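Okay, so chain A shows up in both of these, paired with chain B first and chain C after.
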Partner chain A sequence: MSLPKPVMRGLLAKRLRFHLPIAFSLAIVAAVAFKFGVTEPRKKAYADFYKNYDSVKEFNAMREAGIFESVRPSVK
Partner chain B sequence: MLTTRALTLIGKRAISTSVCLRGGHGVAKVEDYTLPSYFDRREIPLPDIAYVQSLTPEQKSLKEKEKGSWVALSNDEKVALYRISFKESFAEMNQGSAEWKTVVGGIMFFIGFTGLLVLWQRHYVYGPVPHTFDQEWKEKELQRMLDMRMNPVEGLSSKWDYENKQWKK
Partner chain C sequence: MFRAVVRLSTAGTRGLVRTRPSCSAPLASRCFSHGKVETDEEFDSRWVTYFSKPDIDAWELKKGMNTLIGYDLVPEPKILDSALRACRRLNDLASAIRILEAVRDKAGPHKDIYPYLIQELKPTLTELGISTPEELGIDKL
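Take a look at the complex of A and B:
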């Protein structure tokens, strides 16, 4: 019946000492994963799209498709 | 106040309503739910009252023995004193049960039943969808979206091969 006296103090500190490093590292991992999984590919996609982008050519293609109301398809 | 004075050490059922005589009608009946009750809660370790209110003679003598040195109490007596004051130990009250299986099963059953109701509703209550959902209309919609180069960087038009007029591999 003589049980040892249970731990009465420092319970929150003990929990924090264990959980805070985990929380911070998980948050940092999430941020890094998002940066290299989402934002960097997205920036690259935009850069690649506009590297050889000919806006006039695209405009003419759209014009021929007939989606504009201000310019009709060219008379050919 | 006289009644509260009559409380003994053991059966401490605190009578919170004071005796109030109004116009000769007497004391209001003390309802059970208005008095402090016993509960086992992890968050509130010490309930308002002891578990056992009316003690047997052995328990009374044990309570008298408790007034002396606690070293003289045997382990069984200590446990008996505990059981007078408390119904369940922390280990007993905290133990889990298999109730969650019933709960999860009930959830899935009722979600399934709701699915049947939704199906019935879709068939018998709702009218037909608008004509803009026809296959031909949707094809024209998609062609128009590709023509106006919708989302050309990462979205729809970026997946279409404009030279070969097909989806990119």
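Take a look at the complex of A and C:
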């Protein structure tokens, strides 16, 4: 029984034609997922934290806690 | 083929990847719209002629094989026949067997190509007294 002639040309081209679009789209999906799953929530968390942040109040709280060396807790 | 890969990867947008021109003339042809694209038969006969040079030297044999293996194709039996006869002229049995190993590797996951090639080359292998790697037991690691 003699074997029929198989396809011998363009095998890599055929493979890439199939796999490259998948690879590129998966990479893009990964990037988009990271952007919207990680970086955007992170940015929002920071924005929310600092939206109503009162730095003076926080400073005074830290001062009273006695963690600074340059200013002592207020004498009260 | 790297040309096509570079084109695809530097396309930038996926749209370009999807709608790239159907330049599916593979192997050694450069994908330009001017100039004649070499047919498969012309490619094959060019390589048969290359290896048929009566006074081919060892360097040309190696160079030819390395170039041929670089293409996106498994060489046709007639090209391999010509290359094996060149090995015979150069008294180079090692290269002859290496050529068989190389085309087996070149076929990659397509396991039907190598048996077909051996089938087609059997008369030549018998005539020239070339053993296949399988017969020598050097095909397994």
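Brief remarks on what is shown
The definition used in the following text is that the second predicted complex is superposed on the first by the 76 of 76 C-alpha atoms of A that agree within 3 Å, B and C clash if a C-alpha of one lies under 4 Å from a C-alpha of the other, contacts with A are read in each partner's own complex, and residues count from 1 in each chain.
The rule is short, and it goes like this: a contact is a pair of C-beta atoms (placed from the backbone, for glycine too) under 8 Å apart; a residue touches a chain by one contact, two chains touch by 3 or more.
Just so it is clear, the model here is predicted, and its values are computed rather than measured.
In the superposed model, A:Phe18 makes contact with neither chain B nor chain C.
Of the two partner chains placed around the shared chain by superposition, neither chain B nor chain C is touched by A:Phe36. When the two complexes are overlaid on their common chain A, residue A:Arg9 makes contact with chain C while staying clear of chain B.
By the touch criterion stated above, A:Ala65 is placed in contact with chain B alone, chain C being left untouched. Between chain B and chain C, the partner in contact with more residues of chain A is C. No residue of chain A touches both chain B in one complex and chain C in the other. Here chain A touches chain B in the complex through residues 1, 42, 45-46, 49, 58, 61-62, 65-67, going by the rule given at the top. Remark: chain B residues 75, 78, 144, 147-149, 152-154, 158, 162 touch chain A in the complex. Of all residues in chain C, only 1, 4-5, 8-9, 14, 17-18, 24, 26-27, 40, 72-76, 107-108, 110, 112-113, 115-116, 119 touch chain A in the complex they form.
Those residues of chain A that touch chain C in the shared complex are 2-13, 16-17, 20-21, 24-25, 28.
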